[in-house]
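One chain, subunit A, links the two complexes that follow: it is found with subunit B in the first and with subunit C in the second.
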Partner chain A sequence: MNALADILFGGLFQGSLYAMMAVGLALVWTTIGVFNFSHGVLMMLGAYFAWQLVDWGLAPALAFPIAVLLMAGVGWLLQATVVRPLIGRANLVLVVVITTLAAGSLIENGVLELWGPRSKQIPPLVAGNAMLGGVGVSLHQIAIIVVTPIILLALWLFLNRTRLGLALRAVAQNEDAACLVGLNVTMLYGLAFAIAASLAALAGIFLGGYRFMTPVMGADPLLKALIVVVFGGISSISGPIFAAYLIGFFEAICSYYFGLYWTPALLFAALILTLMIKPEGIFASRSRGLA
Partner chain B sequence: MTNMLSVTGLTAGYGRVTVLHGIGIEAGKHGNVGLFGPNGHGKTTLLRAVSGLLKPKAGSIVFDGADITGESARSIVARGLVHVPQGNTLFPDLTIADCMSLGAFSPHARPHEAANKERVAALFPKLAERWRQRVRTLSGGERQMVSIGVALMSHPKLLILDEPTLGLAPKIKDELCKAVLDISKAGVPLIVVEQDVEFLLELTNHLYFINHGQVETEIKPGDSLAHSDIMAMYFGQ
Partner chain C sequence: MSVIETSAPTVSAPPRAPGRTPWMTELAGALVGLLVLALLPLVVGDAYGRHVLIMVFIYAVVASNWDLSLGYGGVFNFGHLALFGIGVYAYSLLTKLAMFDPWVALVASGVIAVVAAVVVTIPILRLKGIYIILVTFGFAQLVMQVILSQSDYTGGTQGIVRIPGLYWFDHNMVRDAKFAYFYIALAMLALSTLFLRVFVRSRTGKSVVALRDNEEYAVSRGVSLVRQRMITLAASAFFTGIAGAFYAAYQRNASVEVFGMSLATIVLSMVLLGGTGTIYGAIIASFVLTVFAESMADFGAWRPMITAVLIIVVMLVYPGGIVGMLKALWGLATRRRA
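Right after this comes the complex of A and B.
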């Protein structure tokens, strides 16, 4: 009973964090067709914004939404400076990998300069602990497990049930055709980045609430998000979400039975095996072919 | 009826290459307008400049009484000047229904969305059967139907069709020609680029022969012309 609860809880928690990170990356990929390698840094910056606002005396309930909104602006700005001017160039994907890495490095060192290397922590979403099925867990983690699916569902509904979401899904598929039906391409690209950066900031706030923050805290989550997105299939939003929880549970099972040190190696082994059998990702076929 | 669209002295191109050399056309006065001429001489470039996909270097474009030279494609669509580009691949991963609701994205088209949807379904019964199918799974002819359908959803005052029957099998081509004629009969003026001269003559008697980025010959309604004259223009004497 104890093992099951441990694995279930660990899987749900890690899966939520991964999903939160990966979905922004997937959103930018599916709308603009580029990989944003500063996504991890955006997550870090969101956490630092939240920390700063709380440090200035704002209540977390106020500070967190403001940090998320500020990051939407940062995402928009990032898109306008290092992505939008390059659209239409040859090798766009590779060029944007470099420009977003460069922007990420700039932001990372800026944060280091501004806030210093000392680790910080932001208050948890919900303070306190609870016993669940014989396992001691923090209410912060429970809150993440509950809040994440709600936000992901809201995002899914926005993309699939609103006309603006539809426009967002359409714009990268054919820019000329998008212009000719009257879509504002510049605005939509900015919107995709703004939403992705907000989601990253939220992931950063989640992470900063139970782990110490440093300017390089985004590196590992970015790597995980990349794995999730590639594993899940990069042609949709729902693929990476399922993959995030799958990987969360995989890690929980591995670290319970084989230990934490073996987990990354086993994860990569599973990833390589999956991609050999199904190179487009495990959930990719859902979005191809007939509806 | 006054001119809906007047293009005068339009110069445009790509980078340092100039394709259009001060071209001028009028449309809307005598109903439909046909453009023809050899490939690579500026027909498509002219249409791209008119619909705002390409910024002209000089000249002016007036539509419905307003100067639209250099306006964004988005605001030109909102004015009711709608362009169906050549070989439009549309949005491969979206369904036909999704494409139709994107067609009605412009604020001016929203109030007419339901009516226009019925119109498209009546015009292309083939599409109405497979509303939930993705565009990438459609044949070239069906995709062309969706393209025209999307344009109708934008509630056009003037519709530009760039080679609507290019590369289609005869049977589906007939179907499309009939649909285009129906759209025209319903009162939407057209500008059509087409290689099929017979179809062009059935649609309109106001033609422009475009060569070297200029109008070489304008055939106005009432001018006597025969199929053989047009063939002579195409291929030289």
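Right after this comes the complex of A and C.
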């Protein structure tokens, strides 16, 4: 019972964080066809914004939404400076990898300069602890497990039920046609980046309330998000979400039975196997050209 | 800065069609470039200046080999720095634990890097574009995780210190302002460049470019995608591994920092700044970027930020990189003369 609760809880918690990160990556990929390698850094910056606002005396309930909104602006700005001018280049994917990496390095070093290397922590969403099936857990983690599906559902509704969301998906499916029917593609690119950055900021706030924050805290979540989108396929939004929880559980099971050291290796082996059998991802039906 | 100017004739080889510049012209240009580099210690006498040049040569080897898989092969191998890191750790472990002779360990590290490259090629044989980036990126992280977790041998986050350096008969390697290391590094760069240029000019090299430019047509003409991709990555790994081993021997310590994103970003920007598919471009860019970064040592923490901005600006303004820029200038100059 104890082991089951442990795995279930760990899987749900990690899966929630991964889903939060991976959805942003997938959203940018499906809409613009580029990979944002500064996604982890955006997550870190969101957490630092939240920390700064709380430090200035704002209530977390107010500080967190403001930080998320600020990050939407940062996402937009990032898109306008290092992505949009490159659209149309032959080697767009590669060039954007390098520009977003460089932008990430710029932000990371900027944060280091501004806030220093000392690790910080932001207040949890909900303070306190609870016992659940014989496992001690913090209410903060439970809040994350509960809040994440709600946010992802809201995102899904936005993408499938609102005019703007449908426009975003239209660009993802056929950019030229979207342009022809009068959609503002440039604006939608910015929107995709803004939403992705907000989601990353939210993940940063989640993580910052649970672990200590450092300027390099985004590197590992970015890697996990990358693995998640490879697993789930990056052609849709729902694929990575399922894959995120799947990997969360995979990790929870592996670290329970084989130990923490072997988990990355096992995860990678599973990844290679997936790619050899179904390169477009487990949950992908068709993809935005595998190139 | 004289190096850049004298190397300019050698970069006039059209990148998209290897082999168009006559053999003799390129060889002459490359020899002149090599001669200039070999004479540099006459101008740069201090240990610090030579240290910068040695680092330039190491970067140049890593970046130009990356250009082989990325620029010519069109394979976005983001694990390239992991091959370098494998070279670093292979040399360190072989010399410290297995008591290999440093020179034997140096070559063995290159071979180990080749084996690693073959291993990482297997999962990406069927993949394209972004998927290759993701898998190779994951590979690099995995290697780092393994090194971190096997801390009994690798020192984990502490790294390895007091690695045996290279030797040259009875010569004291640190004497005469790193005189010996400078020439070993230069020899490594020369051999690597020779190897790369011969490779891309060969039939195999041309078939690799054919696969990049029109995969369906190349395959239909009987070029094996699987074999050529394997060969390309293996070929790009050998001198990368040796550069890693040399780096370990020169610095005499090893840490997992070589797997970090910041180093990968810098070396990748060398490849892209230089202009892909040229080999020489990556070498020139290594020189420019390293000297630029060193000249800003006074800026301290601002240095990585300035470098990042520079990378973004060049990527935005010059799609063809430094070689593209030089070619545009060259074209302008020759047109005016005509």
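Simple rule for what comes next: the second predicted complex is superposed on the first by the 281 of 291 C-alpha atoms of A that agree within 3 Å, B and C clash if a C-alpha of one lies under 4 Å from a C-alpha of the other, contacts with A are read in each partner's own complex, and residues count from 1 in each chain.
Keep this in mind: a residue touches a chain if its C-beta (ideal position, glycine included) is under 8 Å from a C-beta of that chain, and two chains touch if they have at least 3 such contacts.
On a predicted model such as this, the values are computed, not experimentally measured, just so you know.
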{"item": "Subunit B versus subunit C as contact partner of A:Asp176, first or second or both or neither", "value": "first"}
{"item": "Comparison of subunit B and subunit C by subunit A residues contacted", "value": "C"}
{"item": "Subunit B versus subunit C as contact partner of A:Asn184, first or second or both or neither", "value": "first"}
{"item": "Partner chain in contact with A:Ala167 - subunit B first, subunit C second, else both or neither", "value": "first"}
{"item": "Partner chain(s) touched by A:Leu159 [first = subunit B, second = subunit C, both, neither]", "value": "neither"}
{"item": "Touching partner for A:Leu86 - first (subunit B), second (subunit C), both, neither", "value": "second"}
{"item": "First, second, both or neither for A:Ala225, with subunit B first and subunit C second", "value": "neither"}
{"item": "Touching partner for A:Leu207 - first (subunit B), second (subunit C), both, neither", "value": "neither"}
{"item": "Common interface residues of subunit A - those touching subunit B in one complex and subunit C in the other", "value": "290-291"}
{"item": "Complex contact set, residues of subunit A against subunit B", "value": "163, 166-167, 169-170, 173-174, 176-184, 235, 287-291"}
{"item": "Interfacial residue positions of subunit A with respect to subunit C in the complex", "value": "29, 35, 81-82, 85-86, 89, 91, 93-95, 97-99, 101-106, 109-110, 112-113, 219, 223, 226-227, 229-230, 234, 261, 264-265, 268, 271-272, 275-276, 279, 290-291"}
{"item": "Contact set on subunit C toward subunit A in their complex", "value": "70, 76, 122-124, 126-131, 133-135, 137-139, 141-142, 145-146, 149, 261-262, 264-265, 268-269, 272, 276, 301-302, 304-305, 307-309, 311-312, 315-316, 319"}
{"item": "Residues of subunit B touching subunit A in the complex", "value": "51-53, 72-74, 77-78, 82-85, 88-95, 98, 101-103, 105-106, 109, 132-134, 137, 150, 153-154"}
